[in-house]
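As written, the chains take the letters A, B, C, D and E, and residue 1 is the first residue of each chain.
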Amino acid sequence: MADLLQLENVSKAYTRGLINTHATIALRNISLTLKEDEPTILTVAGESGSGKTTLAMLLLGFILPTTGRIIYRGRNISTLYGEDKLAYRREVQAVFQDPFAVFNPFYTVDHLLTVPIKHFKLAKSRADARNKMEEALTAVGLRPEDILGRFPHQLSGGQRQRINVARALLLKPRLLIADEPVSMVDASLRATILETLRNLQRDHGVSIIYITHDLTTAYHIAKSIIVLYRGGVMEAGDVDAVIKDPRHPYTQLLVDSIPWPNLDQRWGAQPIKAREASGGSGEGCRFRSRCPMAMDQCASEPPLYEISRRHTASCFLYDQQPEVVKERLSEMLPA
Amino acid sequence: QSGGAGLPAAQEIAPKGALPVVPRNETLVLGWGVAGGTSMGTTNPWVLPGYTHQEGNNLLFEPLMYFAIFKGEYIPWLADSMEYTSPDFTSLEIKLNKDAKWSDGKPVTSKDVVYTFEGQMQRETLPYHAHFQQFVESVTAKDDLTVEVKFKQPAPRFKFEVLTEKFDTGLPIVPEHWEAAQADPTKAVGLDQMPHSGPYDIVAWNANQKIMDLRPDWWGVKAGRSPEPAVKRVVVVNVLNQPMDTVAQRLVNNEFDSSVDMRAQIIGNILEQNKDIQSWTGTESPYGYLDWWPNSLWMNDQLPPYNDVRVRKAISLAIDRDKIDEVLYDGAKIATIYPFPLYPNLQKFADSDAVKAEAAKYEPGKFDLEESAKLMTEAGFTKNSDGLWEKDGKTFDATIQAFENIHGDIAPVLAEMLRQAGFDANVNFGTDAYQNMVDGKAGLYMFGHGASLYDPFEALNLFHGKYSNSIGSAAGNNRFSRYKNEEFDKILDEISPLGSDDPKFQEGAAKAMGIYWRDVIDVPVIQWLHRIPYNNHYWKNWPSSTNVASGTNGAFWAHTGLPVIVSLQPTGAQ
Amino acid sequence: MSTVALSPPVEKSIERPGSLVLFLRYLRRNKGLALGVIILLALVAFTVIGLLTVNTKNAYPLSVALKKPPSWKYPFGTDFFGRDLLAAMVVGMWQTAFIGVLAGGLGTLIGVFLGFISAYFGRWIDGSIRTICQILTPIPVLLIQVVIAGSLDKRDVTIVTMALIVVLLAWMGPTLVIRAQVLTMKERQFVAVAKLSGVSDLGIIFKEILPCLLPFIAAAFVAQVFVAVFASFYLAVLGLGPLREPLLGNIIWAAQSQGAFFNGWWWWPIIPSIAMILILGSLALINMGLDELANPRVRRSE
Amino acid sequence: MTFKLVIRRLVFLVLVIWAASTIVFFIPRLSSRNALRERFGELARTGGFSPEDLEKIIANMNQQFGLDQPLLTQYWHYLGNIVRLDFGYSLYRYPSTVSDLIAQSLPWTIGLLLVTTILSFVIGNLLGAISAWPRAPGWLRGFATPFILLTGVPPVIMGILLLFFIGFRLKWLPLGGAYSVGVVPTWTWVFFFDLMRHQILPALALIFGSVGGWVLSMRGMGITIQGEDYVNFAEHKGLTAGRIFRDYYVRNAMLPQVTGFALALGTVVTSAIIVEGLFGLPGIGTMLNLAIRSNDFPTIYGIVLFITIAVAVLMTVVEFILPLLDPRIRHS
Amino acid sequence: MHALRAATADPVLRVRNLEVTYYTDSGRAKALDNVSFTLNSGEKLGMVGESGSGKSTMALAMMRMIKPPGRIEGGQVIVGDTDLMSLDQEGMRKARLSKIAYIPQGAMNSLNPVMRIGAQMVDAVKSHLPGEPKAAIEARCRRALQSVDLDASVFRMYAHELSGGMKQRVCIAIGILLDPHVIIADEPTSALDVVTQRQVMETIDNVQKQINAAVILIGHDMGLMAQFVDKVAVMYAGRLVEMSTVREMFTDPKHPYARALISSLPSLENKGVFQGIPGLAPSLLRLPSGCAFHPRCSSAMAMCGTTRPEPRILPGGRSVTCHLYDGEASHG
């Protein structure tokens, strides 16, 4: 069983300033493996600034890890050139958050679809290309004749985001990274877009990394989930287990704060401690300053503990449980 | 910076206390450039470059004698007399006026004169160093008021050229007792501390203006050189950067009593707008008097193709002097064929039969495009598609080097005339123009003949072969023709020791004029006029063609400005 | 294959007026741009028609009668040197345009080139280009140009060298502007998407970023032309231009030194002054308009 | 602001000055012209200079000006002198030093330029702000438009026109000079008013000439700022229009303009070259104009360098002031 | 004074037939069409609808802050017993914040970056209570900060020193400075993550209880509405299509659009079920004839394509705009 993608102890630190270096550690020691033949939907969740987008950028090869390696089908992506690079580009695609920013305002929306067709030689002729485009658009519920030949500002946000999904559909990548694909789309369209994404995984065997801070949609679309806080994994596992029975105080806080559209399921009473402005200073559990259950022990870095076969949390509350080596994190996630 | 250190900085002169009040009708206001050519505060004539007599310093320092150009006679000043004591012009005796005094009360004596002369002999930065080197053997004080000068060779023109002040040349006498006390008299700027013999004192001098007040004890009154001057205060106002319009308007507004010289049209308009204002020729064209600086189109006679006399003649034939008069001078006859100004004595020379015969022979003023073209064709030129002369595939470069501030009107007109005759002419007004003339890199240049005033010798001497250094090196004092002709040089050498009125001199000079025209050494173009506006609102008795007065030229900034200013009389206007 | 319902057809797709109509409407809202374009077009028309109909030889001295006030024969009058000011304006305007477009074009080209290199490749290249620009920015360009023009051999001062002198010190502006824009563009997501679509670096620069920068480049170009025209005018007024040419600055300078106002030849300096004001004014208006166009915040709603 | 930042700025300042001086040093040396020779040539032209000695004098002076030394030595000396603000001797007004000339003329220029620059800055920014302020009454906004057109009027032309119409035709104001003829500067009101009367036209020429630029750039900034959320929110807060204008709109739009202020000084001095001359004011512009006309290279370079240094220093000062105006810079 | 207000059950806000049109290049867009509703003090109204349905337009219209090319074409907004639409400019300015306050959508950029938070609060108070002593104003501001759970030190800070949630809470604090009768919050949390969102919503809830104001919460997140509001109003294409209590809305939505909206909601129970609303929001420039929703409506009838439905009051006080209920209801 070959690995599609493998993150080996990847960390990313952003440095600012030339003389006075100021490092923000956006991601620390993440290890993760996606299997080639088991297309799955993995959610990466967490508050703002927890490193979700950073992870996406790393996977897309737009930034390089500070330490660690990212292996795509057995090759370190930082060493890919020429044909290989192009293949990697084609196989790892993304849908972004802002459905407007992904369009070049200079071109009609066709540009978004014709460019990859041209560069990845997806079509044999112009007519073929046109066919493929129309097919993809139809598949996401758009009428090609309403869409093609228009400028992005002439379409609604929902239409634009659907074109993005159509683009992913057209390329049929192996891995799709969806960074908050529905956070800027209004509620009534969310379902439609998520549905399309799921079809992509189910019908076309595309693995999807779904990045969000919205646990509601995560719960509905994903099989497994990783909860990040300040660049570190707090909790991970089967999405049902994690959301219905969160163990880490941070995840509990998150789940508690989900505004369920249900009059009988109210926000919890747990008080919220504001996040302090400065970065996760020092060592140890980064959540401890906000944690209602913080202990002395928390001053040192908690390892991952196995809660159940498909559930792990990084918190000393569970130190009776067996430890999980970081590298084995993926095994805790259901495919 | 190595050598320059230790020089006192030029500085403003501020009045010691409040300025005494002098009413406008006792003040003479002159529009001129202050600190344009000098550093402010420099009153010592020996500080060069930096000193100029043109900004009022001519009212401080006086010469042995002035020359009244329009009367053709000397005006004794510090000296009562100045005579060659040998017939071959090898010795000269100067007798000083007994009343002459410096402003600090010390008398002007032969010691001062000897110091002044010896200074020129010894110090190479001073302007007459070369003249003294060439001619002067010794200078001795025979007594307090008598100086004897001995020459190495006959120097018939030394008295006029060097010892007498006229226009912008001549030598002022400096106070020995002050200069000698300075560590380096060529570096002591003088300020208001330097004793002087002239009638005015500097009381204020800054970038705006220079104010000079009459001093009560000027020796000239007692010595009878002049009546008590009526002008109590002279204000030289800086108009250096102002456009001509503004200066003209300020004259019309009676703000100024006189100013820099003007272009013909402007002065005509000034006279029309303010009836109090007159010019040298009253209200009639050409408004000005003849300056000593007729302008020619010079050529580098060694630089191809200007080394071909046919080409030079062709250029001469392309110039339409009538048109110049019409375009630039409203019909006044300014264009000339002579390389010298037609002052009385020189006019006589020009009118002599010998000279007239030469002129008839060579027709120097002729305008004939066909003949010009014929000569050019003979010289091997053909016209190209732009209608410009060309030889061996190269267009004839006829760029005229000239000076914007004085040739701003004439040079473009000349260039256009040449252009119409097929010469690729342009004007270069750049600051490098002069350098190009000196270096002989360029072929054509507009320049004056600052030479003859009394007889034609100095003008002709400009073209003496001994000055024609090879191209690429400095050509000496404005002798840009690089013309070399032994026949011509021989004539000059023969007439050089002769007095101006010697018939032999006249005959030789006429022959040389013929050669000048024949070989088209350069192309004389215009006489130079000084069109100075004089405002009679507050002051009268300005010099003019009908009121020659002392007979000097009428520029207040020239060396002879002093006699002009001291003879002004108030009109009594308020 | 999809469970997603197709949206019903949009009944009548919204009619959008033609792009010309939209452009005209835009101009109506952006009055400054409209006025600027109109003036500039008028000047261009004047120059072109002039070049075709007027004898350009008359723009040089001794060609026509002297010092004639405006009349039917000489609509702009003639000057002291016998230049027909109409012809002089035509030629002068053409030369001004030539200097402006040459200097503006070159300056913008350099600016765009360096700006792209700097912003796109970053690191030390960006560091050095940016530092050089920043160091050169406080140096008063016009003054240095005066130094250069003054140091040149007069014969070397031609219309082309004037333009080059201007370019020499005026490329920093566009460089910094374009650099800043590329930097923000580079972070825009469509660049990331283009990368994901397999577009190469060069492709991204030329096909994705460059088109979006067109309004900025246009604005930089116009600003650059403005600077060039202004600078060449200044050099000419200081007497540092090519003298024989009827550049507007030269004509004003000549009028000044001949005391034109005092002599009552008011048309001589006034006409080139008006021409200069129109040129610079229209460029300023266009620049302002383009600024609005380039600034999405400012862009009036469509 | 940290100490490090101060050091960084100062190093930058030194770099700017070094770059400017190097440009000014090498440009003239790239051409074959020799300022000294040209100057003496001109002296000789006015007559009275002995011809044969010309070369000798030039050689002498070359030595005195250190021009006979190798280029690098000259450059080194030159940089050393710049540090002491010693720009050498004026050729045309020898033995005045360029520093003397600058010192003499600077007060005039500072008086005129500072006042006009500040005035046009204030007026221009105010008009620009108003013209982009949708809540301003239409007539007030329209008022700014002619000033935008003024951008196209170089101060030179403005000066010529003002001189012609107000000076010549209407005779309202003096035609030139820094103060009246025959007056000596004193610390009296009479003198002060006389001085002011003479400064009005040149000041107007400079103000009119530069106000348009400010209007234009402020307008651009203003349009951006008035769309900002905080300006809208200020209105939601029910603030008076005046307060919103002042504290929310202008204050933010001004920030980039302040940097422009320092840069503008360089441009204004350029305008002053001609305007001062036009009105016969003995300022640094006139000095530079004269130097250009008389080919007084040391003076040209000295003044250009001096102005550059002044602008660079001013920019550095602005960099230090900006954090006081903008807390975002202060804290980063 | 609010003790009095609390005692009366009179409606504190009455919106009548509000109409807003945007005049764009491509034509007129009627962004608010005949919108009416009433709100009692202490009531919390949620306003939901697709993007572009006119929610923000309604908020701005109530503040009289519609800018060109938009125009308020008619209607009344009565707060207490003042019709805001009939006030003059100055009166409206005074009404803002003191009668009706607005908490902006983009709190990130709604604070002036160059003024201290305190100053921005103080100037809001000063503009309404010019005579108030300084100390009293400051005390009032500090109290407001306290009631949104912010430290007093925030008073002296700048916007960039605060996190997104803190900025949003500062905006809330400003909104309640003068105890307004109505608070409009336009998507106050859409830019925040869940934890902060909850914190901000709880803050609004608290202050609302303190001053007993009526609150209008605009958003499209039904979950948030469920957690927070008492009543929900659904907008579609510029019209209010349904308004009822939150419980009624969730259990028994009437309008087909509201029904679709509710059934598209995710919940813990029905994992993995996605049910979007088919089709796209119509363009306001070309509204479908008749009922604007009919092309997407599963229960559309023939008349829906031709006749515009009018708002009707159903028994129990709910208001619906749909032909399905033509029979059951009286006219609204």
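Everything below uses one rule, namely that a residue touches a chain if its C-beta (ideal position, glycine included) is under 8 Å from a C-beta of that chain, and two chains touch if they have at least 3 such contacts.
Note that the coordinates shown come from a computational prediction; the quantities given were computed from them, not determined experimentally.
Shared contact partners of chain B and chain C are D.
Pairwise, the chains sharing the most contacting C-beta pairs are B-D.
Note: the chain lying farthest from chain E is B, by mean C-alpha position. Chain centres here are Cα averages; for chain B and chain E they lie 91 Å apart.
Averaged C-alpha coordinates put the centre of chain A at 48 Å from the centre of chain C.
Chain C and chain D have centres, each the mean of its CA atoms, that are 24 Å apart. The set of chain D residues that touch two or more partner chains comprises 33, 164, 168, 289, 293, 295.
Of all residues in chain C, those that touch two or more other chains are 4-7, 10, 16, 150, 153, 239, 256, 261-262, 302. Along chain B, residues 243, 245, 249, 431-432 each make contact with two or more other chains.
Those residues of chain D whose C-beta lies close enough to touch chain C in the complex are 12, 15-16, 19-20, 23-24, 27-28, 30-33, 148-149, 151-154, 156-157, 160-161, 164, 168, 212, 216, 219-220, 223-224, 227, 262-263, 266-267, 269-270, 273-274, 288-289, 292-293, 295, 297, 300-301, 304, 307-308, 311-312, 315. Those residues of chain E that touch chain A in the shared complex are 48, 50-52, 161, 163-166, 192-199, 201-202, 220-227, 246-247, 250, 260-262, 264-268, 271-278, 280-281. Looking at the complex, you find that chain C touches chain D at residues 32, 131, 134-144, 146-148, 150-153, 230, 233-234, 237-240, 252, 256, 261-262, 266, 269, 273, 276-285, 287-288, 291-292, 295, 297-298. By the touch rule above, chain A contacts chain C in their complex via residues 60, 62, 86, 89-90, 92-94, 96, 98, 101-107, 112, 115-116, 119-120, 138-143, 146, 153-154, 167, 192, 195-196, 199, 203.
Interface residues of chain B facing chain D in the complex, by the touch rule stated above, are 1-4, 7-12, 14-15, 18-19, 22, 24, 27, 29, 35-40, 42, 47, 49-50, 124-125, 127-131, 168-169, 187, 189, 204, 206-209, 211, 233, 235, 237-243, 245-246, 249-250, 253, 255, 403, 405, 431-432, 434-435, 437-438, 447, 450, 467, 474, 476-479.
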